[in-house]
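Paired with chain B in one complex and with chain C in the other, chain A is shared by the two complexes that follow.
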Partner chain A sequence: MNVSNIYIDLFRENRQVIDSGISPILNGCREAALEALQKYGLPATKQEEYLHFNAEELFRTDWGMNLGRLNMPVDYAEAFRCNVPNLSTLLYYLAGDTLVQSESAARVQTAEGVLIGSLNSLAKDYPELVGRYYAKIAKMERSGIAAINTLFAQDGLFVYVPDGVVVEKPVQLVSLLQSKVDMMVNRRILVVLGNNAQLKLLLCDHSIDSRNALSVQVVEAFVGSGSQFSYYDLEETHTANNRINELFIEQQADSSVELKTITLHNGKTRNSIFATLAGKGASLNVDGVAITDKQQQVDNYTYIDHKVSDCTSSELYKYVLDQESQGVFAGRVLVREDSQRTVAHQTNRNICLTRSARMFTQPQLEIYADDVKCSHGATVGQLDDKAMFYMQQRGISAAEARTLLMLAFVDEVIGNVKLEPLRDRLRRLVEKRFRGELGHCEGCNICK
Partner chain B sequence: MLKIDNLHASINGKEILKGINLQVNPGEVHAIMGPNGSGKSTMSNVLVGHPAYTVTEGSVIYKGKNLLDMPVEQRSHEGLFLSFQYPVEIPGVSMTNFMRTAINEKRKYLELPPLSPSDFLKLIKSKRDLVKLDSKFMNRSVNEGFSGGEKKRNEIFQMAMLEPSLSILDETDSGLDIDALRIVAEGVNKLKTPETSVIVITHYQRLLDYIKPDIVHVLYQGRIIKTAGPELALELEERGYDWLIKEFEDSQK
Partner chain C sequence: MKRNDNTDNSLVREISNEKYKYGFTTDVHTEIMDRGLNEDVIRMISAKKGEPEWLLDFRLKAYNYWLTLEMPKWAHLDIPEIDYQNISYYADPTVKKDGPKSLDEIDPQLMNTFDKLGIPLEERLALSGGVAVDAVMDSVSVKTTFKQTLAEKGIIFCSISEAVREHPDLVKQYLGSVVNYRDNFYAALNSAVFSDGSFVYIPKGVRCPMELSTYFRINAAGTGQFERTLIVADDDSYVSYLEGCTAPMRDENQLHAAIVEIVVLDRAEVKYSTVQNWYPGDENGRGGVYNFVTKRGHLRGVNSKLSWTQVETGSAITWKYPSCVLSGDGSQGEFYSVALTNNYQQADTGTKMIHIGKNTSSTIISKGISAGHSQNSYRGLVRVAKNADGARNYSQCDSLLLGSKCGAHTFPYMDIHNETAIVEHEATTSKISEDQLFYCNQRGIPMEEAIGLIVNGYAKEVLNKLPMEFAVEAQRLLAVSLENTIG
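Moving on, here comes the complex of A and B:
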């Protein structure tokens, strides 16, 4: 049976259960999602973009889904602390797709009009606002992931920052996977920044047990004119966890966006970013780090559409692959005919520590304008022998020298994280990872 | 200190060293000279354990131990230091971090506790002054963007930090202007004690005006073909190597 049909049947059989208690905004998009899924299907490895990531196999697994939204009581805040020293955040937990509000961050509704909270609940209270943005840029005709996510979406996070408002504290969303059965979790995040607004969003994905799991997450982010948005996506999960994450982002004039995707520990991960620079003077910085070993897989796909002139995009992805792990980077930059004076740079650098580690990299520029500055580059190599020897001659052991070189290698990305406490924390986590001290999720009491 | 006996070494199957014999006693300064391609750099690389070279014959006894059995870092911990002809740039690794790691790994080997941050900074400060290396270099990546002279000064700074018993200076004078040469040489001389030894590899007498050798060797085709006092270096400066080579080749007939 075609793998999409499994989910189409599941949806049809459970339509009532799925819709029950969910906002009409979310329910109202399911028909279109169903149509898209029927027409285009889930990603298959015969598609070039999924050549090295077998999504079909993942979806074919017999996952449990918590469509009836059974409450699974766990004291998440107690069980888990994603602690970033010296960083005070508005902290939320997603258990599966259900938002658990912590004491420090109940649903936020400020006098200035900022809204942060459960997508489902806010969609019920602010149907017009959520309806204006929900499922508008997560294009289902180009992504079966967006289709299946919209088909089953029941909850997640909604953040709204009105014109001219600066949210000082970063919003941190810790997503936890915990289940007694093999689970598929379907999450949806919607972020809307008006004009001249500012927001920092930190997503931390963790698992707190070793059940097999698949998380399917779609993030839509609208960034208004002159706004600044930082998005940090940190994954640190068990090897039994699989994740498919798609971020759709649209930027208006003179907005500035920083996206950082960091995979510290995982099972199989596919991250896709679809960015549209829709207003003149918008600038986008997309960076990523993946550190893998064992049989881990990390597949980053980015698509940046320079829709109008005078926009800037830069990309830097760095991978360190050990043992039998596999990395994939495919980045496409589209510069449309009228997008003159575009500046677009893309770099992907990778280190394979063993002969059995594999890296596939495919930079793609598609340029139709003639007055542009664009570049791309990709390298796959090993640690620098000369530097290794130099350090060893100074008394630094081979293992320590390797660690120093790997840290230096990824620090080109980590060191660029603007949020200083997070940068320090990431440096420590990366170091622990390289020293092999991160086989389980950092900070989690259950695994220890 | 060091006793090299009939050392043969090759790289990619090609024999470069063809039976080196050399003894260095504590407190001595040896100069090794010789035409290009004679095996000078190979010798220093073999001594510090460069993985590209294979020792095919002979032995090296260092402080009574078999040097060739030791991994690269252990040779360093035991006090062997090489000032690289071409110091390596290591982007992203700061000088401070690099030096702290090196010092503390050595201390660990010697079963000493790590240096406290304040003691470490004091040590850095005192050693930097020795080679007039500005403090700003400590926050920069190792050798990255350093000028030729700065790189060589940095080598001597590291030597000062690690306090080796036997230092090999591989063409430390190459690419240096007169002032930098003097600073580097003065640094080496200040570090010199009656217990420590230095092997200076150089093409020119110039460096030997500053670092006075006790013994001068000439290396040619992987062998030491002449050993004499410091006057040999002066003679070579004047006459070149040809006469020596001819003498050597005649003796081989």
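Moving on, here comes the complex of A and C:
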């Protein structure tokens, strides 16, 4: 049976359960999602974008889904081990797709008009606001993932920052997976920034147990004119954890966006970013780091659409692949006709540490305007022999020299993280990762 | 069978349109097979060429496999539906009205054609250039020069039909060994209906004393050209091979689906240069040749070397990826390309470097130039197999945009399975520098010439790889193709 049909049938049988207690805004988009899923199906390896990521196989697994929204206990204390020291954030948890506000976040008085909370409840309270943005840029004809997510979406996070408001504290969302059965979780995040607003959003994916899991997450972000948005996506799960994340972002004039995707530990991960530069003078920076070993897979796909003139985009992805892991990077930059004076740079650098590690990279430029400066570069190689020799000669052991070089390699991305406490934390995590002390969180022993 | 009496006044047409100066047709009596493709047509082609049974079998197998395929759609090209039954698969310009078929008695009109193209068929003329030429018009090889001189060294350079007759063992051993008939849609089609092309065999230890060259020309209307070239360089040998192509200007589209197979054995070196100037269609995108070509070299020997150089200025649509399979240890593959598209031309071209042997290296330098409303894509694959220790690749793909209505695209693929590989890819896209143009203008160089100058400088890295005579022609070609691009 066609994989998408499994979910279509599931949806039809449980329509009432899915809809009950959920805002009409979310429910109202299900028909269109159903249609799109029927028409386009789920991604298959036949499609070039999914050539190296077998999403079909993942979806075919018999996952449990908490459609009835039963209360599943989650041990939040566990998650505290994963926090970022010295970084005071507005902390929220998503247990499955249910939003839980931390006490610290509840105590903080955010500026007037700022909304941070459960997508479902805010959609009920502000149907007009959420309805204006929900499922508007997550193009379902382009991605079966957006379709299936919209079909089953029941909750997630909604952040609204009105015009001219600066949210000083970063908003941190820790997504936790804890379940007694193999679970598929559908999460939906919607971020809306008005004009001249500022927001920093930190997403952390964690698992508290070692069950098999598939999380399907769709993020939609609207960034108004002159706004600044930073988005950090940190994944530290375990090898049985699979994740498909799609981020759709639309930027208006003179806005500035920084997206960082860091995969430290995972099973199979697919991150797609669809960015549209829709206003003149918008600038976008997309970076990523993936550190993999065992049979892990990390597949980053980016699509940057320079819709108007005078926009800038830059991309830097770095992979360190060990053991039998597989890395995929496919980036496409589209410069449309009349998008003159576009500057777009794309770089992907990779280190394969073993013979069985495999890297596939595909940086692509599609350019229809002439007054542009576009470039891309990709390399696959090893650590510099000369540098290794130099360090050993100075009495640094080979293992230490290797670690130092790898740290330096990924620091080009991590060193650029603007949030200082997060940067320090990431450096520490990466170092531990390279030293083989895999526990990402102190005292956490799930991830081996 | 029918006769095609072409009464166009070629001279008038030639003068009236200088932009594509090879756009004349030749008034020769050509035997053209009826349009359409089926097993009978294939049997007929095979019978005409007096082919042995195994070759007919090969063709039929390919044809039956082709029937199961669909036209590939993955390229960044907008290819109109092609009616494969509306093409004639065989046209022979050497058949005289009454006279007997003979390759030596060449129709003087035909000689004129090749003279106009600047191809010295007369051997005494060729002496100065030192180039041996095999000229292929439509489906038949017209004449091969310098055969005798080459034969003394044991070099075989002849049409593939002749090779099938004279050297069946060699052909049987290597034909289809690099590009299998199951390779792709066009390869299957070509394997079924290929007519002529060149066969080159360089024996052990022989350095070919002159450039070998084949000139391809489509003349007859409503035909396709399906030539097949096979080059075998035995141990320690060297050859430099040139290929040129032109076609008349016609409103209809003509199909050209060729296969080039190159086998390079131990320590041998092959240099393959192409100046592709098929008719690109007029400025409104009407007519032009569809150039769907499979070119591949298999570097079987240790320390063997294959270098592809191409200058692509012609064809309405180009779909072409000259590739190297580097299976010999220490083998080297090179790909140098300049692809220029203007008006409504479309090109999706690049290379594949498949590293299999140890310590193999490859270099890719690709320069794309798009003007007018054209779309120009680079598509290239670098694959390093698991046991290809010490593989090294360097790719550089630059695109130059002349005008705001054209597109330049880069689609590199890198698939690395070995930790010792060093693979680099770099690409840039930009428009022609205003500063450089201003500098030229200011020194009294008019705009059009300035563009020609800058483009030639940009392409120099590749043009330098061409043999001298070809480099001059290629440079001129770039300038001509760029005419009227300012706007």
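Here is the rule we use: the second predicted complex is superposed on the first by the 426 of 448 C-alpha atoms of A that agree within 3 Å, B and C clash if a C-alpha of one lies under 4 Å from a C-alpha of the other, contacts with A are read in each partner's own complex, and residues count from 1 in each chain.
Just so we're on the same page, a residue touches a chain if its C-beta (ideal position, glycine included) is under 8 Å from a C-beta of that chain, and two chains touch if they have at least 3 such contacts.
Computed from a predicted structure; not experimentally measured.
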Partner chain in contact with A:357 - chain B first, chain C second, else both or neither: second
First (chain B), second (chain C), both or neither touched by A:38: neither
Chain B versus chain C as contact partner of A:110, first or second or both or neither: neither
Which superposed partner A:369 touches (first chain B, second chain C, both, neither): second
Which superposed partner A:88 touches (first chain B, second chain C, both, neither): neither
Which of chain B and chain C A:378 touches, first, second, both or neither: second
First (chain B), second (chain C), both or neither touched by A:2: neither
Those residues of chain A which chain B touches in one complex and chain C touches in the other: none
Chain B contact footprint on chain A (complex, rising order): 384-387, 389-398, 400, 404-405, 407-409, 411-412
Chain C-facing residues of chain A, complex: 48, 337-338, 340, 350, 352-382
Of all residues in chain B, those that touch chain A in their complex: 48-51, 71-73, 75-77, 81-82, 84, 87-93, 97-98, 101-103, 105-106, 109, 141-142, 158, 162
Residues of chain C defined as touching chain A within the complex: 74, 76, 384, 386, 399, 401-431
